[in-house]
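Next come two complexes, and both contain chain A; in the first it sits with chain B, in the second with chain C.
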Partner chain A sequence: MRPGPPARLLLVAWFLAPLAGMTLWAFADQWTAATVLPQDWGLRGWREALADGLPGALLRTVVLSSTVALLATPAGAMAARGLLRVGPRLRAAASVLLVVPVVLPPLTVVLGVDVLLLRLQIPAAVGVVAVLVVQALPYTTYVMWTTYQAYDEAYEDEARTLGASALRALLRVQLPLVAPGLGAASFLALLVGWSDYIVTLVVGGGRLVTLPVLVASNAAGTGNEPVVAALSVVAIVPPLVLLGAVGLLGRRGRRRAPTRSSVADTADTAQVAGVAS
Partner chain B sequence: MTRPVTPLVKPPPSRRLFHRPPSRGRQVLLLLPALVPIVALVLATLSALGLQSLGLMPLVGRPRVSATAYTAVGADLLSATGLTLAIAAAATLLAVSVGLATALLVVSFTPLSRLVRLSAAATVTVPHLVGAAAVGLLVADSGVLPRVLGLSAQQWPNLVAGPFLVAVVLEYAWKEAAFVALVVGAALATRVAQYDETAALLGAGRLHRLRHVTLPLAAPSLVVAGTISFVYVVGSYEVAWLLGRTYPEPLPVLAYRLFSSADLAARPEAAAAALVTSLVATAVASVGLVAARRWRVHA
Partner chain C sequence: MTAALSVSSVTRRFEPTEPPALDAVDLDVAAGTCTALLGPSGSGKTTLLRTIAGLEPAYSGTVRLDGADLTGVAAERRGMAMVFQRPLLFPHLSVHDNVAFPGRARGLARAAAREEAARFLDLVGLSHLTARDVRALSGGQQQRVALARALAARPRLLLLDEPFAALDPSLADEMRELVLELRAVLEPTVVMVTHDHEEASVLADDVAVLIDGRLVQHEPVEAIYRRPANIAVHRLLGGVNELPGTAGAGRHRSALGELDLPPEALGVTGEAVLLVRHEQVRLVAPADPAAHLAGAVETVRQRGGRRRVTVCRGGVQLVAEVPVTHPVRVGEPVGLVVPPDAVWPVLAPGGDQPSGQVVDSSSGASGRSSSVPAKWLK
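Moving on, here comes the complex of A and B:
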């Protein structure tokens, strides 16, 4: 049994209503109480957001989340590969450890390590990245684990057999085949960094002003709805564009990726390994 | 460990020597870049909080063992725990219901269901803090919803910072419903169609198929996704801070308020609240894990 069309419209409304309301506010110059639509449309919110440091905050958010993704994705991929190869006991123990960052609240972690980071004189930005990478590792490892489960090592073996070095087999055979998984994993890690507020606030000590920090300081006040909305739009659009890109990459990858049972196309593998040309 | 190798030409033996599966020891090394930071951070967190909350790591003065941090805010801790669990339960219940309905839709392929899927996927990417701001812009008394419904600020119920923390629950339910929909939808997508068709061919009605085919298939992932949402809400700070009231406050808000208070003596109390938060999260996660195991056995 499935919900009918009215239920579908209701669900679309449920998910899109907050985003729609936000978009209206982002272009409302004047919107007095109890009127359905704004009286004046315009870019007041955007001008004020620019004056409030939107470009810098956006740049810091991009750098922070990319750094988290660049560190958490390879570590997660390696851990996933290791998990599939070690014995069952070690795998069970490692799996439990990998779930801990999901259970342990980020607030608890930062209240715990804040004094420690200060005493060890670790720069705030390094501390923020470290905590966020640990938050992201369960997700990247999980995605890469499912990716490597569907990955046929025989391709790499053939490349090696045909004379490719380990590095060449990694770069030309393994990485292209798991690229969709790597894309999805780095997207999730990026989201962890992009969405974070409390870690940046506490460990960053208020000096690392990212987009969520800027949204929060504006949203805590009253009467500046257009600014909050404009900042929120900027915080939402880039991940959406990336999600679309990752989706396309995944679809193309699935179409191209050979299945376990399909012809173990030695000629292709050999060409990739660079020995048959 | 041997792996299947299917070369067309049997390689010369000398080559095979260079191409052995790496040893177990080297596989363990692969785990280290992920496990070392996790273990280091978890140990550092728990020991620092434990020491602080027992008065052994004071910012000023000499360390002395005492449980005063726990007793001083004992009543607050108790009411905060109750409120935290209530918010998380309400939000998770709503999220699981809406998420399941969405997942059932997503596995069918109509243009409208694609729109549902895209809007749920879009919601997952929104940061919670931005989501809280968006929900505030929607349901506050100056928000979009009362305007659309033609109600004045006086006629509109106090959803933001009101007695039942409606806006807080709505924000979590909104975001987590999208998450539940994605997880359950992915679990259903692979198998539900063929089982559903078989059951239909054998004469099962729609309600029967929902009860005996779809729900049992969805149950394990539903329990897992519900548990993750619940645990997330228990430990989350910013939504209740932005959309909630100053009192009573959930555990993370209490912990952060004590942490950032000018009174340095409140630091042990903040550590105690943070530890209680993670205890509650761990307890909920364990219950969810047991439930997920049991469901899997039954299904």
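Moving on, here comes the complex of A and C:
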């Protein structure tokens, strides 16, 4: 059911209201509760954020989340391709196992895992990445699973008989055809790393200061609203930009990748689209 | 550019408990010729083609191209190219780059590969669509591009897996014409899979019939229509007439009457089914001295521009295909003219097989010079 115009407006307001407040706070030097807009505009929040280590935290967040995405996406893709080849019973078991990291409360898991990692003397940063990759795997595997269900392996057979090596068929045929799925999967994995607080704090032992950790430590004090808001803006904008990019890529990909049954349909749609544009 | 293919005792099993998909298949295709693999669905045609292409690595037996054993040779190093039933054009590449793909895979620079691709697109009559998005093409155009792309791989052996089965009839005819032209220009060795005997007869020099993973018969087109190895082959070739009776002294006797056997089958003796090509049977007046058989018209069925008339006597039926203008009424008595080159006897299993003339159907592939079949259905 499509929501009517008033419902849509409400929905948009529901999403934007917190963002609006946050953005205003990021540029407010003073804003007491009684007024609609801040009394004093300024960059106090940004100055304090920079002084408190915003650049380093941003860098650590970028490196951590990219590492998680770079590991969890290929692993998820390979798991997905494997799952399409096994029998239904094993597949059902695997799909249950896959949701476990999502279902279990992170705090309980992390406290247990932390003890294990400490005993094994695994470096904190490696431990954080390992745990986050596990948390990201369900997302990447499910996205790639649906992607590969729509992907026709006969394209690779065709490429091989045309003289392409297995590697060339992978790079020039399979990867371009599943690129939209890879984009979506790595975006979700990136988000898992980007927004994590508990794993970074507990397994990282408080020494791995990422954006969420910095936001939380500032939010614990009073009178810190401008700096918390400034940090939050930095934490929110990059994923939003990426989301837009992935969305565009996905739309192009959907036009591109024909599925097993719909080669002709896609061709027709493309023709119609071509005429319309 | 062309090479001779030699397949010997190739067996492919998917499940250890199931009968093999390919059972000791032997197939020789001379350089520059076209052989059609004809068979019902599930007979192993596509599996055989994929095995030749190197896409089904787990087989026993050998595949040779110009004498070189291809065991363990990867698909991309076999010097073949394959066109599938679906065009499988790479959707992320333009028409031009699709056809340039084999050149690029061979290590050509982009410009050189595209230049070569342009020549092959010209060959299939699509040089005006070079820059087009592949999804903007019609089904027939897509299959043309797929053909150009396969030729751009400069295959020594071209494999076609029912490439025109998904096209509407007039387009498929156009494509067959194109393949004939390409064969005349490039003289590639071709192995094509089809379930349509008419397509096989249009395009191929030889027809190899596969049934249940066994190669039952492999002969030139005219020969296989005239001398089907058994009833199943006859049916695959569109044959509808199977007259039960007995053969002896160069003649076949059934409830419809007696017919002369063709010269190659004069020695056949015993319980035999006579296979008759309905296209060559003529209807005449019952008293016509030329008539070999006589009976009464049972049904008349329109079939395109022709009509099929079923004539019956003593529970035995014979179908004759006559022009649509031929006057015929259900129930009227008619005579049938059946020339000897329209008939072929196959013996009942265990029948009296004249020595030196009967080949076991399982070794039919090597029996291209021999003539008389042995079994009824298998």
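We take it that the second predicted complex is superposed on the first by the 252 of 277 C-alpha atoms of A that agree within 3 Å, B and C clash if a C-alpha of one lies under 4 Å from a C-alpha of the other, contacts with A are read in each partner's own complex, and residues count from 1 in each chain.
Definition applied: a residue touches a chain if its C-beta (ideal position, glycine included) is under 8 Å from a C-beta of that chain, and two chains touch if they have at least 3 such contacts.
As the structure is a prediction and not an experimental result, all values here were calculated from the model.
Participant: One more residue to check, A:Gly193. First (chain B), second (chain C), both or neither?
Facilitator: Neither partner.
Participant: What is the contact status of A:Val115 with respect to chain B (first) and chain C (second): first, second, both, or neither?
Facilitator: first
Participant: After lining up the shared chain so the two structures overlap, which partner does A:Gly127 touch, if you call chain B first and chain C second: first, second, both or neither?
Facilitator: In the superposition, A:Gly127 contacts neither chain B nor chain C.
Participant: Check the residue A:Pro106 against both partner chains and state whether it touches chain B (first), chain C (second), both, or neither.
Facilitator: Only chain B is touched by A:Pro106; chain C is not.
Participant: In the overlay, answer first, second, both or neither for which of chain B and chain C A:Gly45 touches.
Facilitator: neither
Participant: Quick check for you: in the superposed arrangement, does A:Gly163 touch first (chain B), second (chain C), both or neither?
Facilitator: both
Participant: With both complexes overlaid on chain A, does A:Pro176 touch chain B (first), chain C (second), both or neither?
Facilitator: second
Participant: Return the chain, chain B or chain C, that is in touch with more residues of chain A.
Facilitator: B
Participant: For A:Ala154 in the superposed arrangement: first (chain B), second (chain C), both or neither?
Facilitator: A:Ala154 contacts both chain B and chain C.
Participant: Where on chain A do the contacts from chain B and from chain C line up?
Facilitator: 154, 157-158, 160-163, 264, 266
Participant: Under the stated contact criterion, what part of chain C meets chain A in this complex?
Facilitator: Its residues touching chain A are 50, 53-55, 74-76, 78, 80-82, 84, 86-88, 90-92, 101-102, 105-106, 133, 135-139, 142, 149-150, 152-153, 159.
Participant: Quick one: in the complex, what on chain A touches chain C?
Facilitator: Those in contact with chain C are residues 152, 154-155, 157-166, 168, 172-173, 176-177, 255-258, 263-264, 266-267, 269-271, 274.
Participant: Please give the residue numbers of chain B that touch chain A in the complex, ascending.
Facilitator: Spelled out, the residues of chain B in touch with chain A are 1, 3-8, 11, 15-16, 18-19, 24, 27-31, 33-35, 37-39, 41-42, 44-46, 48-49, 52, 57, 59, 98, 101-102, 104-105, 108, 110, 112-113, 115-116, 119-123, 125-138, 142-148, 150-153, 174, 177-178, 206-207, 209-210, 214, 228, 231, 234-238, 242, 252, 255-256, 259, 270-271, 274-275, 277-278, 281-282, 285.
Participant: Would you mind writing out the residues of chain A in touch with chain B in their complex?
Facilitator: 1-3, 5, 7-9, 11-12, 14-22, 24-25, 31, 33-36, 74-76, 78-79, 81-83, 85-87, 90, 94, 97-109, 111-113, 115-116, 130-131, 133-134, 137, 141, 153-154, 157-158, 160-163, 191, 194-198, 202, 211-212, 215-216, 219-220, 225, 228-229, 232, 235-236, 239-240, 243, 264, 266
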